[in-house]
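One chain, chain A, links the two complexes that follow: it is found with chain B in the first and with chain C in the second.
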Partner chain A sequence: MKFGRRAFLQIAAGAVGGSLLSPLPWQLAGDSARWSQNWSWRPSPERGEITKVPSICTMCEGGCGIQARLVNGNRAILVEGNPANPVTEGGICPLGAAGLQFLYAPYRISRPLKQTKGRGNISGFQPITWDEALAELGKKLAIVRGESKAHTVACITSGRQSSMDDLWQQLFSAYGSQNLFKMPTQADGLRSSALLTTGIASPYTFALENATHVLSFGSNLLEGAAAPGRAFAALRQWRQNGNVKLVQVESRCSLTASKADQWLAVEPGAEAAIALSIAHVMIAGNTYDADFVKNNVFGFEDWTDSTGKRRQGFKTLVSSPTYSPEEIAKKAKVDAAAIRALAKDFAAQKNAIAVWNLGHSDLAFNTYDELAFVALNVLKGNIKTGGLVNLTADIPLGALPAVEKDALAENAAQQKRLDLTRDKTAPVPQNGLYGFLDSLAHGSKYPIEVLMVHEANPAYSLMESRLFQAALDKIKMLVSFSSFMDETACLADLVLPNHTALERLDDVKGIPAASFSYYAVSSPILKPLGDTKNTGDAVLALAGKIGGTVASSVPWKTYEEFLKFRVKGLAETQKGAVADKAGIRLTSAEPVKPNFKDGDDLWKKLKAGACWYDAPAEMPSFKTASGKLELACQAIPVAAAADDHMFLPHLFTIKLAGGEQDFPLLLVAHSTGYLTSGYLANPPFMNKLIPDWTLKGNEEFVDVNPQTAQSLGLSQGQSASLRTTQGEATVRVNVTSAARPGVVFLPKGLGHKAYDEYIQNKGTNANSLMEVLLDPVSGMGTVWATRAQLRRV
Partner chain B sequence: MNEKKSEASASKALGVVFFLAGFIGALVLGWVVFPNLLYSQKAQPMNFSHVAHADNDCESCHTFRPDGTYTGVPRLDKCKECHETAQGTTEAERILVEEYVEKNREPMWKNYAWQPDNVYFSHAPHKGQGLECIRCHRDVTKEEKLPAYRENLITGYSISTMKMTECEECHAQKGVSNNCEICHK
Partner chain C sequence: MSEKGHAQSGVRFGMVIDLDKCSGCGACSVACQAENNISFRPDESEKLRSITWMEIYQLTNGKDYPDFRQAFLPRPCMHCDSPHHSPCTFVCPVNATTRDENNGIVTHIYPRCIGCRYCMVACPYHARDFNWWDPSWPKPMESMLSPEVSTRMRGVVEKCTFCHHRMLKARSKAYVDGSDPNKATYTTACADACPTKAITFGNLQDEKSEVAKLSKDPRAFRILAKLQTEPKVYYLSKQDWIKKLSDNALK
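And now, the complex of A and B:
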């Protein structure tokens, strides 16, 4: 017998057959899959006890209830909506759900940094201790103040409403500077229009939950609105009940427009024209709330101003043929019959509301556009106690002690806010950030020694971003409190990193545009990971370093003590109640019975993730010259109103730079549900949601109508050069009927230069291409479009 | 001619023998040798007698949260409720008190049912369906000694970790979806 090749093959064949009938290959196949779960480079949370910690999200102004899942109390593995929050009932937006990616982000700043080389040179940042950092800034602030130049210190803080606003305000009042600004939000527009019409500087609110017909002027409810959790909850309720009609008036078929019952595609900037034309039809057909208007409204009929001059009223103005659907249809490039139908619908519904400034842009409409939307609600009789439109009620938190002002503060306070020192200032000034930057960029009355930036990234997220760059050249020292190496932090001379949202004790003062009162404390879900400091604590420490009346005006040792003090004040009013379950009707007019004992009890409940709420407040009595709701806004000085219509909502467009010949198209920067464009950069989870027609590789797409694309010789996916009066970028073209002819749409949120490889150098920063216009009444920055051209490359 | 024929049949028979040798060898390897080679026996920190704790019901130690999710293997705090000092003279009792309770150290129990990370499993929906624990876990009502913990050398998971086919079979029987994303989120 010879054991040859044949015998070997016979044994091998037997072995193959045998092993196929044994568990060996199948077990190995399964085990190799399970083995792959243990590869060391595969991220895997540690094992241990799983706990859930409720808190409140502070990544935007929405104040949504969240809960975090942790392993062993120190490794967060999930953030989800908190079902016990009565506003969001478990809902959460993609940004909130990706919260952990900011907590564990590689671009976090884990300790204070000092720039030792030139501004913007990343390699020049040297780590320093907190003692050194606070001593350096404290010394600088004390020296500047000692030289009677306190007014040359400025701060830009987040657009979010929190107790940090009050702390900054207290510090700046005691220090002696008025140059404290908030990043622009749409609440600015709602506040400014409320101030003009009611005399009260509290933003208008919308009882979305009680409406049956919603006429939305560019409000991107599904793209996040101003408070995503509440907007999603309202939409869910509308769709579940099935009896609410949503009409979207917008130039692009946004996600909201595509899910609305009706979309009216208008020219950019023509939204208010539609509103005025609807008013024209309602007045002509006598389908408005005549009783409400007669008893509560000033300026509907013709009126006499303070100098005795007879002035045109809203009715006379809007009844002119200029505002007829036929005329407006030409301007807005829509069908006149559609405007008439819209007006008929809106007038017929009992609970119809016109909403605006809910997620259209960070910037408000111009004043007269805002007033046009107010006018529609006036005609429906909505602006009253228990009505669909009201004013934001103050949260009765513990009042801060009176500021002690020494001679230095008194003297410095004589110096006007920088935006108000310009030759041509706004008659009813509001958020002056753009005016401030504009005066710095174009030769200001006095220089700025120190600019502090808190929870904001103006170098990226302000529209017309080059304005910030130009202003920065005139600022001697830039201090960033950012948690991340963002575009602004990169330019800073000193970085004092804040804890990230999930590590920080913070609070939420109200939900933007919500008719009910809301207050929540956001408690940290875990201990801070790096050597960072809550900016609240840093501000208190700085006040201590400056000393004197500045220190004594902020008597709290820690930010926690300050927040506790505020909550104690809230508890003492015995107003409102703690909500720790879903299903509470927050918009119900019925009085709320307090369910907390004292400050400690309320603090404990709020720290545990519950929120405080109160029923919609009564409409306060108007503080206008007439004591009524003013459609003819007498707050606008007679000297500033050359013509009658300057007091009234009317067709008003701020002229854009650039000629139609050079720039035949309009560029509109828009929000999406998958890109965030504010202080926080788009997290990796959300990057995964970006569709191929928005970003491919590093190239961003603009939406262009097929007709426009054809006339420009462009086809799907082609590269093009997009040039505006502000800048230039290379983009690709997405040919879609979602875009209006003649308009180019560019999503906001891409084009970062900072952060890490997952987000930087992808696409174009829309803000760098947009032109911001200063509103003639409020002085605020406003934007509706920018002149542009698109060329094949 | 005949000689040639018988040579051929002998070679054929021999071929069958070789084939069978390979076949049986592989079967033995696959069924007997391999499973013994694949798993190593690991000791638990100490013995735990479920019988000795039978005066409690299962859920007084294996607790569930109000939403139905399982809180995990009981931690030392639970043991301490009774075993702050030794309750008997067994070796396990000594280890518990001396090594863990007194040193305030968590015993690192090896989990017989731990699923790989790519599987999302929650007790909540399963318990909600009224499934008995022993549908998936071993019956411990008469168990005095913890069974040997046999760890798979390749995967690091226990031999008793449930396989996907078992999940799928039960889901199919109960009419529950077997779509990938139900378990692999």
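And now, the complex of A and C:
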């Protein structure tokens, strides 16, 4: 038989038909499908029992209740809110939800490192053991102290409130140095304005939960609030009840401004002017709480100072035509009628509150701005027991023993804190970190031998970045306790890595600006992954190495023992109660009944993720010179006040560097909800949230009003050179009506030089372009805007 | 068969998102990524390539300063309930994406998917993303992958599943407890995470459920309702400009 074309086709068709009838091709297809999904590059997560571990988040100041999900007790797969937490009731912020990306970050430091080459040379880091690392630093600290130079040791610690603050304070007192600073937070401003007006250095608190009318001056309630959990919970409650009016006074159409019931768009830096003008209207119309003012307030009427000189009071000052809505409207570039309407509304509402400084980063307001906002609350009679504004109550934790000071400590303590050795020091000095760096950068009275940095990344997150750089040149040894290879750790001479937030025992002392008391213990969700050490334990070990009175001032063997001691003290007061379920009204004035037996019982409950709370405290009696709430702040020395209004809230702007000719625009750096700008770098999960009009590839955008863009010849997406009095950067332009004409807005949180490919070299560090202005009263750094120019490139 | 033209049980999972409460923080989106093993890349700024099941859209009222306003709109998969088919399930040539008529969840079966992306074209909500690359995690972060959700591979489409695995867990639990699995309810990761409690999830068929009540709120609307895709995700807002935008095509 001849094998022809026909036969070939028959056989071929038969083969195809036959094989389709057989199970073989289906089997192969199934196999290949299965096989193709089992490439080694596709991780196959290990299975196992899933458990939940409650804890408290310490990644920011907010202290939210969280719970982590673990597989087989050793692998964390999710961080979620703890529904039993009375503040957040199960909610969580994006940073908290992405928390595991810090625990499992590739840029974590897993063992102590010593720089063996020049500062900043990453290849020079050599791993050393903990014994070696602690011995080296301990020896250095002992030698410096032995040479009677204890005052030349400094520390910058996190802006977060925790028992670590008290431990550092104890160590520094015993050691003999006053150069202990916290990273700047807006609570610094609430503390300094409280000190000036009440004589008590406890930050003002706002009972947001009890207000029906919230007049917010530039507060970042919805984008990076200091305590996002509480801010979100407040928004939820306001919207649920539907009877709360939120008014935002701000220059940018931020999310808070958009979500507010009313937004008053003003010039940057004119927020306090609006407040003073509202005060003007309220006083003129007699719509303020005259009884409260008469009985509790000093300096509303004209007054006599300690030298017998007659001084102008707040009423006289603010009643002048300078503060009339018509005049202020010109300055703030708003409608005078809008100010009058705002004032009428604010005065009419029974539970109206003026709030400010609810963000977590640098101060935007100077002392006199803050006093203006305080004044509005004074006029409403808010600042009293049970009122909407109060002072942060101390958490009655176990008190630390009195510091034993030997001769070395006594002598070194004679040396003033470095920021107070400057020629022009502030009359009522506060957290003077910027002043400290400024004196170092510009020839200080004494050098700094050792700077320790704890839970902070000043090389990146301090404004006017070159200040830290310049100061660093004068610092002989930089020690970082960071868990991550951040910008500061890269520059360190010695790195003693802390456990990350989810691996360590830590605590949270209060929620910033919350009227109720709050304390929580953050227990580790799993064992530390690397050879790291809780900085609390490291500090205790260092004290031991220094020996003598330094060691005996911190008599605890471990940080856990220290925290237990503090909680025991809290339990002994039998104040407050443990909250382990949602629905508790924390702002209720009802006295709280303790529901714990003793220290051990309270410790057990706190370690299990519950929190301790207490009702808003009574307003303590004022410790001012007059014994009253002072609108005329007598804490400001007469010698420092050239003029009557230097005691009073008044129109005051710290002049920016640079002329309008060269720098016709203002640059404002702002927080956003999708970028973290503090100690932690934006995690990959949150990078997905960054809009493509903020970051495209590695290029960051500035927000510019269409009108301004047109006058500069710029269109959407175009590259431009942004030059300020502090530095220069290439940016792209996002033309948006959210921006005020004449002002350029740059989001904070990008422009990292350290970490990994997910965040490194993306965008511009806004901090490097901003100018820090030292406040003339508190000496703290304020950052409200910087003069800038924007040009096409 | 119901009036909708397809078999339907008494369970129809749906979601209501209150835009007046939503602060646009993105916690829902991050929680979703962590819950569902969503992969990420060094550059996430090319939004057409970025995989996000819960996308946060920015809405603006288009007015000039200072009348300008913005809002954020979280967008999961709408799990369209249109008769017989959702737009995506209708076009899928390999039955990789189907609607489970027992609960209304539109699922996507990765091993079946051939990566033709027809469903992405069909979806009016841009709810679907394609894996253009092999997913990869920095080595230590492989430890945080959840064993409850399979990781995807290059060449397949993925989208929000309404945390389908949580439903399976709830049903298993109900079965073990001896109650009716068909009555089991659960919540999604996004609804759990939301710090302002703007997201409500539940059975739309259950008259007593919060989600069913809210979906009939006078503030309620659905996106692109005119296409009659019958989304099971409702939005609430009292702002007229936001409601008006719901009828626009999403950019």
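Simple rule for what comes next: the second predicted complex is superposed on the first by the 747 of 793 C-alpha atoms of A that agree within 3 Å, B and C clash if a C-alpha of one lies under 4 Å from a C-alpha of the other, contacts with A are read in each partner's own complex, and residues count from 1 in each chain.
Keep this in mind: a residue touches a chain if its C-beta (ideal position, glycine included) is under 8 Å from a C-beta of that chain, and two chains touch if they have at least 3 such contacts.
It should be emphasised that the depicted structure is a prediction, and the values quoted were computed from it without experimental measurement.
A.B. asks: Once chain A of both complexes is superposed, is A:239 in touch with chain B (first), chain C (second), both, or neither?
C.D. replies: second
A.B. asks: Please name the chain, chain B or chain C, that touches the greater number of residues in chain A.
C.D. replies: C
A.B. asks: Using the touch definition from the top, say if A:6 reaches chain B (first), chain C (second), both or neither.
C.D. replies: The answer is first: A:6 touches chain B but not chain C.
A.B. asks: Looking at A:504 after the superposition, I want to know if it touches chain B, chain C, both of them or none. Which is it: first, second, both, neither?
C.D. replies: neither
A.B. asks: For A:15, decide between first (touching chain B), second (touching chain C), both and neither.
C.D. replies: first
A.B. asks: Is A:748 in contact with chain B, with chain C, with both, or with neither (first, second, both, neither)?
C.D. replies: neither
A.B. asks: Under the contact definition given at the top, report the residues of chain A touching chain B in one complex and chain C in the other.
C.D. replies: Touching chain B in the first complex and chain C in the second, residues 34, 37, 42, 44-45, 50 of chain A appear in both lists.
A.B. asks: Going by the contact rule at the top, pick out the chain C residues touching chain A in the complex.
C.D. replies: Going through chain C, the ones touching chain A are 18, 20-21, 23-27, 29-31, 33-35, 37, 40, 42-47, 50, 52, 56, 58, 60, 63-66, 68-72, 110-111, 134-148, 151, 153, 189, 192-198.
A.B. asks: Tell me, which parts of chain B touch chain A in their complex?
C.D. replies: Interface residues on chain B, with respect to chain A: 14-15, 18-27, 29-31, 34-35, 38, 69, 71-72, 75, 116-118, 152, 154-157, 161, 163-164.
A.B. asks: Can you name the residues of chain A that touch chain B in the complex?
C.D. replies: 1, 6-7, 10-19, 21-24, 27-28, 30-32, 34-35, 37-38, 42, 44-45, 49-50
A.B. asks: Would you pull the chain A residues touching chain C in the complex into a rising list?
C.D. replies: Going by the criterion above, the answer is residues 33-34, 36-37, 39, 41-48, 50, 69, 71, 75-81, 88-94, 96-98, 100-101, 103-106, 108, 222, 228-229, 232-233, 235-236, 239-240, 253, 255, 258-259, 263, 265, 529, 673-674, 684-692, 695-697, 705-706, 736-741, 756-758.
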